[in-house]
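Please read through the structure below; I'll follow up with questions.
Note that the chains take the letters A, B, C, D, E, F, G and H in the order they are written out, and that residue 1 is the start of every chain.
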Amino acid sequence: MRDYETFFRTNRLPHIWCPGCGHGIAMKAIAKAIAKLDLDQDKTVIVSGIGCSSRASGYMDFDTLHTAHGRALPFATGIKLANPELNVIVITGDGDCMAIGGNHFIHAARRNIDLTVILFNNNIYGMTGGQASPLTPVEKKATTAPYGTFDRPFNPCEVAKTAGATYIARGTAFHAAPLVDLIAQGIQNKGFSFIETLVQCPTSYGRRNKMGSAAAMLKDMSETVIPLAAYNRLSTEERNEKLPSGVLHTDVFPEYAAEYAKIIKQAGGDKA
Amino acid sequence: MIIKVNARFCKGCNICVAFCPKQVLALDSMGKVCVVDESACIGCGQCELRCPDFAIRINKEEKA
Amino acid sequence: MKEIRLSGSGGQGLITAGIILAEAAIMEGKQAVQSQSYGPEARGGSSKAEVLIDDHFIYHPKVVNPQIFLAMTQQAMDKYSHDLTPDSIVIVDEDLVQNPHGSEHIVKVPITNLSVEHLGRDLFANIIALGLLVKVTGAVSFETIQKAVAKRVPPATVPKNMEALRIGYESIQ
Amino acid sequence: MSEARLMQGNEACAEGAVAAGVRFFGGYPITPSTEIAEYMAVNLPKVGGNFIQMEDEIAGIGVILGASLAGKKALTATSGPGFSLKQELIGYAAIAEIPAVIVNVQRMGPSTGQPTSPAQADIMQARWGTHGDHPMIALSPWTVRESFDVAVKAVNYSERFRTPVIILLDEVVGHLRERVELPSAHEIEIYPRRMPNTTKAQGYKAYTPMEDLVPNPANFGTGYRIHCTGLVHDETGFPSGSPKVTEQTIHRLHEKIMRVQDEITHYDEFFMDDAEIAVVAFGGTARTAYAAVEAARHAGQKVGMVRMMTIWPFAENVMRNLAKRVKGILVPEMNYGQYVYEVERAAAAQARVVSLPKYDAEVFTPDEIKQAIEKLAAEVAK
Amino acid sequence: MSEARLMQGNEACAEGAVAAGVRFFGGYPITPSTEIAEYMAVNLPKVGGNFIQMEDEIAGIGVILGASLAGKKALTATSGPGFSLKQELIGYAAIAEIPAVIVNVQRMGPSTGQPTSPAQADIMQARWGTHGDHPMIALSPWTVRESFDVAVKAVNYSERFRTPVIILLDEVVGHLRERVELPSAHEIEIYPRRMPNTTKAQGYKAYTPMEDLVPNPANFGTGYRIHCTGLVHDETGFPSGSPKVTEQTIHRLHEKIMRVQDEITHYDEFFMDDAEIAVVAFGGTARTAYAAVEAARHAGQKVGMVRMMTIWPFAENVMRNLAKRVKGILVPEMNYGQYVYEVERAAAAQARVVSLPKYDAEVFTPDEIKQAIEKLAAEVAK
Amino acid sequence: MRDYETFFRTNRLPHIWCPGCGHGIAMKAIAKAIAKLDLDQDKTVIVSGIGCSSRASGYMDFDTLHTAHGRALPFATGIKLANPELNVIVITGDGDCMAIGGNHFIHAARRNIDLTVILFNNNIYGMTGGQASPLTPVEKKATTAPYGTFDRPFNPCEVAKTAGATYIARGTAFHAAPLVDLIAQGIQNKGFSFIETLVQCPTSYGRRNKMGSAAAMLKDMSETVIPLAAYNRLSTEERNEKLPSGVLHTDVFPEYAAEYAKIIKQAGGDKA
Amino acid sequence: MKEIRLSGSGGQGLITAGIILAEAAIMEGKQAVQSQSYGPEARGGSSKAEVLIDDHFIYHPKVVNPQIFLAMTQQAMDKYSHDLTPDSIVIVDEDLVQNPHGSEHIVKVPITNLSVEHLGRDLFANIIALGLLVKVTGAVSFETIQKAVAKRVPPATVPKNMEALRIGYESIQ
Amino acid sequence: MIIKVNARFCKGCNICVAFCPKQVLALDSMGKVCVVDESACIGCGQCELRCPDFAIRINKEEKA
């Protein structure tokens, strides 16, 4: 058994994601990051919303919380504030986080509350069978975009940054090894951390968009996503075709739970 | 190298096969991964790294 | 009334097969309903499709007395066979269902393998099963099921699907 | 009538809505309603209409209310979790009198529950889900064909009464495929958008009730410059805190619908002539109930059935009379017992009312209902 | 008892919650509930608790459910529009069995309605507002002092049954200031957070029901590694699609509360000994009803009053018996008639049940109720 | 009568905003902008949410819509799509737009739908009596921040930009004359336009924070808010004390309603 | 039971005055309830506060028979006086209420002007009114109202508020 | 210059008074704006510009 496998609920495996689904790769990376940091398994909480990606909480052997669609962040905020000693990790999907959960996302980032959010971005609503998400690229097809999408997707890393996140990174299922580090660094950041993880959904996205097998989709990622340094060397035009990976942004700001602790102190509640 | 396959977990997605640099792996008729040339394996771990189902594992030959 | 249940794993195309069967019945002027049930998996897991065919309007839309039960995986065989009767005819993919049960009348056909062998891929197993079902049930004529399949599948795949139907139809006597 | 074809309940519902003039759909995907959105995404642009997928279910109803105010007939579709989220704005539509249709393809709840399993457990929510007093029209089809018809009716009622109308589909009917023959365009009666009957110069007020108690607020962009608000308002459409206006407004909202309650109460009776037991059912459950009643008849039971298409307003008179006609009423529903509360109330102890709840995420079998009929028959025979 | 002082209903409610152990408040401001949030913002940090203003009402309930799972007793407060928005997650709390208290200081609706006007029009919504089947406990205080007591009870019930509990305040009581003497700390009984009774090694399952049908899921961070979901789940807490598990779970959710229904049905009787007419009232309206009943008694009417603190579960037995004791029941409510539906059902025609609705955004006057009493008395005398 | 006054419902005036409330100044600027552009009064729609600011819709003589708290943008989106010939202007508050309405805001911007959103930013929840909003500056007091706020406010202009708005400007009630132009330009932009307008709330914000009279608050603005060009000349440190005004950002992207019209054409629906 | 209604415009501090009156009653061991109602305006508009004082628990919490009605603006005078009886005592700010009505017993005092004149600002008008009310109603003793005011207002303003109370108390005989 | 005041609209917020560069305006005892020195007015329009209540208006002297 690999060390990180102690973080799986092995009796619930194999998971029910489709053959070739990238969510399994991303989940493994989280487990590895936790192993790497040697977090206390009993003091770590995984919170998710609803979606294929959000099933991950059920497979991971921590206190785990599978909330409602889009609502992982308010729950996670409550957990963190109620017990700041817990490591709170949020697993979410592109629909869960950026569509229905968009407001919670920007507000959690604004508060810089110490949560680590890993967005499993498969560019689609996987669970409900392939509807467009706010991260579906222009011209891609979806069951609710039968003529191709035309509204621009968000850049979730930029949204997180503007909203106030203090650690932002992008990784992919293809670049599975460096992804572990990106997540680990996010967990270590005392503040709101966001790791966009590109994953393939061969079933609800790849097939409809004729992107080939899961392996072919991973291959695509390997070409499209390049290290930030390399990306920065590209011309503006060249950048249109590419996405930077790695740590994209860090900043230092007071963390919400810690700041509130000060207020409790100021009010005398630390002695209560 | 010892290549361990967990057939119960393997969903035959072909990712490991596609990314193996040495053509060590293939899918069998039941759509599960199988090792076709273990000796060619260089232990690079690409297969294990990206298997979404925790179904394949590369162990360096254990001593004793 | 004909009560037919098709079961297997998500992605095997059994719901499509059920729909085509129901459409064929309608082409023959009959009443037909089709329903399905599936687990939380997008692919894999177990799913079933049910088709009822009658001359009159069909009220209760689910199979009560499964006359024909098709199982394309062992898991589906086990999960959806609780209500089989001694009269039920059980049709299984003999390579994928090691342990068919629930009735004495068991028809074993290497459905998926026939697809791979004759048509190069396992993709057509559902249509082969459909041919087989039509043969066993006589629910609709072979001509009608050919028309119904041709109407549903992508035009480019019509010849292969016709071949699949025929293979299924002829796979038993 | 068009040619017979195999069609899904959700699809028929969407097609019926378009046939009734719906030209705007806004929503958010959710099982088991998503096929409605998907149908609209493909087909609305073909008739010059708009489909938009919104960021959540709240936006999904907000956007159709906006579109409706701008003159387009509009619909959204969802299931339980989304229906809960839409409640605030359903109330908005009720008080601001904006025509809109909300489809709820019910699934097993509460919360995420069992997304792919059938239920009829949002019956009371459809009536009482939003805060404050408001009337509600909710219709529940039992066949695929009727999903089409109910959609037409729902759109028409929403326009006629300027009120949100709920279509309570359930997973059984929504996902069922069955043979249908749809009416052709000229067979479908369409209630057109109400228009102002006076000019601004004549002192037009957006919320003056007509004889049928329904006002004719002008579509936006037609030169009337109306004001629309979710605050309690008077005939001008502007907020008023006066007790009298408040009372009148809330009362009128109810009365515009309740005064024609019998006209909009749709139901079928089967085998009722000499029935001593009645089964009251709706939606997918009614299909099974029919099979059970038929079987029980064959077995010699004097049992009939009343199948409700109109769930709200509650069929007060129908049920009150029914209780006088029979000795026992059986109410099978795919929930813990909801509609039966109202039946029991209306029956006023005139007949024995028995709940037959089903909440294991499966549909009834005819046998389950037949047995309950037999049990009830034995009880009331004593 | 503490010294007598003037206190507002909202304030007393907040203070009661803190006294019962609430250490977490999340919410979003809305009239007429905002004083509760404001009280918490000032006072929770003083006792080491957390106040957080969230981005909306949905987040307001989400955050308290998270805090509750992490071991803090938690409360949110809102009014109609926010209560509608919270419905989805109220259902989540019900099925995932998370203790939490939701205060709804009712105001006139639907929609924005009349933000500063009193109403009791969310009675049915409190029971049926979310999708799917679930039980509900809702309490409504009629005095400022009782706002404190009800808060303590609500927190205790939410912990004891691991279920969301609704406090149905109305603007009348919420904004009323009156003389109160509050109990001192040792006079307040607190139901502590339930804790696992077995270790993980002993095969602990988070959702195994105890003898009282309530499970003991461990607080997060205590080493049990539980899984909590809004899907239908079995004793382990993990999702199950089995019909049997589904039925058992939904049934248990109801039964854990309904089995002690009488114990948690709180109400007062006044002047009932020889009463032929009963007035059934709750919240702010009950105060006026009392004055009216007292006046009617003085005028010689044999009228009494039943004042309900527990609104849900509905006091089935109390009402059934009441209908046998009196000839007429009058139900005044600041709405279009809601609670009266249930009274009418339970009365089963044993007594004449009359609704006295009030929906003009004003409170009742004693005279209005007294007249209705007299009218009813005359009717039943015939 | 001033030309722009034809755009008021004079029978509903005087308005009920408090003495010195900045909302009246901002509303006047909108009316002037409409007058300046000579928009068709019968083809212009004002949509608002709920809040003191959102009362403006009731005072303006167009088709006007006073929606629910936070929901102005979905309604406005429906109006625009259903009848693209209408000019749709949205009036909202900092709570309405950036707290409860935050998700609709970023999504409407993402779609670049042709709406003009004017945020009356008084840094507080005015209507409900002075609770903190996501735009309340750090350390300011509010009834729900009795110990002073400590979570960073959003920069709504930056949020709009990252989300995809194609016209972004900031004005103030003090700079009432240039504000008119900023709004007019926003209306002219065919796409999502956002104008943050700083206004004073002496009642619920100024008083609690000892900021003096309405006039004193305006004076503050006159010092804090400076033209973008001047702002750009400041050092990073100096910028902390200031806010830039004027047109902050423009961009060109396809507009949502126009793009959808193409889809209708593609599907043949333009002939329907 | 004493039934007192204070009315005026938002921002005049009448709700605070009502609260203080109720608190004073409680200090004297009595029962008291205080409620208010206001319009949509944050400032301005009309608002009223009602105070009931009794020896027994007060059920119906609103004024039914206004014994004392204070109006600080004409608008409030008109809006909240519908239920005055011939016995009601109407107290008005004589500069702001041009047309007092509803009863014969009208007490006119230049309340706001007294505040401006004697205390420099109109801020203390509500406390002057309170002094006046105590004088007219005798609901509580002057000592108690002094204590109650002192407890509520910011410490720095106590002297001025005591002065205001006295001015009000002594403004009529 | 003609300074027109709409006393019904004026809420006496003092903004016009504060921003008038020529001390033309003041609040009266009823808390409404009043013109104390019309002749000093330079017609700069600052008062009108920022009056939140549309209560004050500056008109250039009309000819004829």
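Brief remarks follow.
Rule of thumb we're sticking to: a residue touches a chain if its C-beta (ideal position, glycine included) is under 8 Å from a C-beta of that chain, and two chains touch if they have at least 3 such contacts.
Computed from a predicted model, the values in this text were never measured in an experiment.
Under the contact definition, chain C and chain H share no contacting chain. In terms of C-beta pairs in contact, E-F outnumbers the other of D-G and E-F. Our note on geometry: chain A versus chain F, Cα centroid distance of 32 Å, whole angstroms. Rounded to a whole number, the gap between the C-alpha centres of chain C and chain E is 53 angstrom.
One simple way to say how far apart two chains are is to compare their mean CA positions; for chain B and chain G this gives 86 Å.
Each chain gets one centre point, the mean of its Cα atoms, and the points for chain G and chain H are 35 Å apart. Looking at chain H, one finds that residues 11 touch two or more other chains.
The residues of chain D that reach two or more other chains are 45, 55-56, 58, 81, 88-89, 92, 111-112, 229-231, 239, 241, listed in rising order. Shown for chain C are the residues in touch with two or more other chains, namely 39-40, 44. Those residues of chain D that touch chain E in the complex are listed here as 58, 79-81, 83-85, 87-89, 91-92, 94-96, 104, 106, 108-114, 117, 119, 121-122, 124-125, 127-134, 229-232, 241, 243-244, 246-247, 250-251, 254, 335-336, 338, 341-342, 344-345, 348-350, 359-362. Chain contact summary for the complex, chain D toward chain A: residues 28-31, 34, 37-38, 41-42, 45, 51, 53, 55-57, 81, 111-112. Within the complex formed with chain B, the residues of chain A that make contact are 2, 5, 8, 13-15, 17-25, 28, 173-174, 176-177, 202, 213-216, 218-219.
Chain C makes touch with chain A in their complex at residues 39-45.
Interface residues of chain G, counted against chain E in their complex, comprise 19, 22-23, 26, 29-40, 58-62, 64.
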